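My questions all concern the structure below.
Chain lettering (A, B and C) follows the sequence in which the chains are written, and residue indices restart at 1 in each chain.
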Amino acid sequence: MARKVENAKKYSPKLGKKELELLTRLSNALAVSGDEQEVREIVYEELKEFKDCMHTDAMGNVLVNREGTGNDRVRVMLAAHMDEVGMMLTKEDGDGLFEFVVVGGVDPRQLVGKPVIIGRKHIPGVIGAKAIHLTTKEERERELKVETLRIDVGLNGSNLVEIGDRATFATSLAVLGPSLRGKALDDRLGVFNLIQLLKNAPENIDLLATFTVQEELGLRGAKVAAYHFDPDIGIAMDSTPANDLPDFDGEENTRHNTKLDGGPAIYLMDGATIGDRRLVKWLTESAESEKIPWQYRQPGRGGTDAGAIHTARAGVPSVSVSVPQRYLHSAAGMVRIDDVLNTLKLMHAALLRLDKNILNPQERK
Amino acid sequence: MMVNKNNDLLNILEMLVETPGPSGSEHLIRTKIEEEIRDYVDEVYTDALGNLIARKGKKAEGGKRVMVSAHVDEIGLMVTHVDENGFARFIAIGGVSPLTCVGGRILFINGTPGVIGMERLEKDEQPSLAKLFIDTGATSKEDSRIGVGDVAGFERPFMNLGKRLVAKSMDDRAAVAVAIEALKTLKETVNEVYFVFSVQEEVGLRGAITAAYGVDPDVGIAVDVTRTGDTPKGVKMDVSLGKGPAIKVRDSSFIADPRVVRWMVEEAKAQGLPYQMEVLEAGGTDGAAIQRTRAGVPAGCLSIPCRYIHSPSEMVDFDDLQQCVSLLTGMLTKEIEL
Amino acid sequence: MNFELLPFVKSMISVAGLSGYEEPIRDVIAPVWQELSDRTWVSSHGSLHAMRYGEAQEPRPKVMIAAHMDAIGLMVTGIDNGFLRITQIGGVDQRILPGQMVTVHASNSGEVVELPAMVVMPPAFLLPKDGSKGSLPQKYLLVDTGLRPKEVEKLVRVGDTISFATEPRELSGGTISGHTLDNRASVAATTVALDILSRRKHLWDVIAVATSQEEVGGIGATGSVFEVTPDFAIVIDVTFANGPGGGGVGSFDMGKTVALTWGSCDHPALYEAMKATADEYEIPVSRDFAPRGSGTDAYDMQIAKAGIPVVELGIPLRYMHTPVEVVSVRDIKRAGRLMAEFISDLPLDFMNNVKWE
């Protein structure tokens, strides 16, 4: 089913200074669902060469229709979401203190005692907690509710920010040995990889690159983008939890979802999509033949943009490929650089092998 | 002739319920259905998501494009991990209750059989899927014939109790059987009827969403099972087994178009068939997906009363089934006035 | 000023220095204090002492300013598949730990390697029942260095310290945020006092002490009293500021005042004298009540040796013992100035006034 690739240009992505700089800008940007402008700007800046085939749609998705040159090109929609989970200021308590709500799936326990940034100017603030000296043991055993927390921007801070502003963790991307630690790696890694894929796009396909908005609020951007493109196949490039921590009692961890160093995570099923088996096979075969490490994401809950893409119009065979990541939706996630690059490598290798036979109905199993 | 027809319906039903097809893995059941209907339709194809779509008739003067949707998928299990000792952990495909899993038998699409066991429960602890595991008889991970992503359906033989029939996937193979029978029975019609054997209903009506977009019907009918209130201390619901087809007024996914409801009621009256009005407080069907297609489609649902839904022993009444065939065929034959 | 206050505060809260492991912070304070004093030395407990000799003839009376420099933090108790299990040093509310950026001071290779890391909360399914929701007990938390298990085993050993790594940030209205402003804000105020005194006459000997191990029970301060035997001591620490989690009695408006403690640890005559100085120089102070003794070095210093009179100052601080403590720089300056004015006004016979009725 896969086409033979002869004399194909070998693509070996690296995370050099330039790439790390881009990834740092992407990770540190503030783009809470519904206000993705900062990331949209970076995407536009990075993809100047595609300006004639790039546009922003009604919802704010950035769509790039990069056409190939071969015959019988498959129209592949690749989606990476620009938005991140975060907060919005909702009420001023006076003297630089603000009530806030969370946007997207943030565990309130991750908010306490964290530095944050607010608004386009990245005004610094903190989410404090009562001094331990003033708490009781019973109190410390209860979790702190969001309603009791405040964002504090300092004395007389009321002029610097306003209610309605979005906020996120003030975390800077850091390299920790073989790993990256940063916020919003879900899904700026996908944005990063999609930018790289566009710049190195195989000629045998039409690459319909989609930088989506509002994924964290229910795959909302991808829905309209998929309607617009009406692609032959859809692939969400996202990030998925690596719950590969040790069991407290030393039992085998049977629900790790994915593992760091395991390579790109290919989806069989999540809460929003049952991956098209032909696409799953195409990806795993591509990985095997290129000797790229890969893993299945354990079938489970959650969802990616594929959930919206595969039910668009009359249906789009879809699948997801994610970078395994620990601690998503907290102040910082952690990924292995190798996993990021191997995901990019796999996507490139797989796209090179892609032809229309992939959608052969006989291959559905 | 009536006897033969009955046997045909019964045989088709038995074949259908004994073919596995959990959501997303409908290739076996789809192939069987395609073989069964190929000779009776004008066109048949499989769409991007795997829905089997069969057309019968061509829209004539006064006719409408009608979509009839019965889902071919059933609830099932997918393996998430095989541990060192060969035990497999799994998650549900669709609404699987841990209560009906314990001690159950399953059959993987790849042919491997297995049973479901449970970890020790603490006092007052309720079983959850995370406490359950599959034992395929493997003694180690290496020895196991299944791996992450392998899909299984529940395994239970078809049981003919005379008037009542029991099987593991009456939801929604009973409706598929009704749709197939109606498809075969339907002869002359002014309507262009698309029989959609939809996929992935149990995980969120996904097949019907795309099929309806592709077919772009003027009106839609889902055929599905519904709960009953006729068992000891069961749910309060005014639908019983054996009292005829249930005409859905609403469920938790949609409010059936009143014009479609009226169309069903009038046809039942015209044929002198018994029928029951159905208000289902939990559950949804392909009707909801059809209704929300494109600019909107009038849609309803013909329901088959069914006890013990989503258990491995779902029970329907054979008379209800035959009356459903008759009602559906009648509805599709005539000019439709909404 | 000879030294710049804000950069100094920032550099102090950019380093570790957990109780018992104060070297990193001592190394930041020492060069500044050397410039502002006649002599500095380190006590056997690791406290930093800076002596400014007075103008009077020997033997001169001695006043000690004590501000603890140690930090709360975490310590490695075990290594599990490359993840670190932890306990705490000082009082840390377990609820502030998940998702905190930290530095592991890894010593297994023979030298100390600083590893950036973070505190993480394992998914509920990996924990016994009491770890599935609510506030997660500290014993279930892990630290992830981003390194692979083999590398972790090579570098880290049980007993290595883990410090908070939150970066200092200036907030609005002249406030600053970061970890360990408790009590480096007071070290800064002490430095402000030394700086002012370096341009003033003062009769008394002044010994500034950046004490060690306050957070684990006034260990360093007690030793320093024994060693120096001051006539009396000023203890400066942080106190609670109004704001989220604060408020009411014992809580003060940040940026507006210095707290002056009234309680069992504080000699009433010293309180009155300090209050009089504040009034004279129009430095706003508020009374902080500590009838059962305060949780500062004062508690232990008061009963060291034959006992010494103590007076306590407090700088209002929000979110105490979190990595995002907030103080007003103005309060730091205010407290420093109050101490300097008080000390430079001290007459030789001042102790005659420090009496019981």
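Quick note on the criterion: a residue touches a chain if its C-beta (ideal position, glycine included) is under 8 Å from a C-beta of that chain, and two chains touch if they have at least 3 such contacts.
As the structure is a computational prediction, the values presented were derived from the model and not from experiment.
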Most widely separated chain from chain B, with each centre as the mean of CA atoms: C
Identity of the most central chain, Cα criterion: A
Geometric centre distance via CA averages, chain C-chain A, whole Å: 41
Averaged-CA centre spacing for the pair chain B and chain A, given as whole angstrom: 36
Separation of mean Cα positions, chain C and chain B [Å, integer]: 69
Residues of chain C whose C-beta touches two or more other chains: 125
Chain A: positions in contact with at least two other chains: 255
Junction residues of chain B - those touching two or more other chains: 130
Interface residues, chain A side, partner chain B - complex: 252, 254-256, 268-269, 272, 274-275, 277, 280, 296, 298-301, 310-317, 359, 361, 364-365
Contact footprint of chain A on chain C as seen in their complex: 80-81, 83, 91-101, 115-118, 120-123, 125-128, 131, 133-136, 140, 142, 144-148, 151, 166-167, 169-175, 177, 240, 243-246, 254-255, 295, 318-326, 328
Residues of chain A defined as touching chain C within the complex: 95-97, 107, 109-110, 112-115, 123-135, 140-144, 148-150, 152-157, 160, 170-171, 174, 176-181, 241, 243, 245-249, 253, 255, 261, 326-327, 330-332, 334
Residue ranges of chain B touching chain A (in the complex, touch as defined): 23-25, 27, 46-51, 78-81, 83-84, 89, 91, 93, 130, 148-149, 200, 203-204, 206-207, 209-211, 213-214
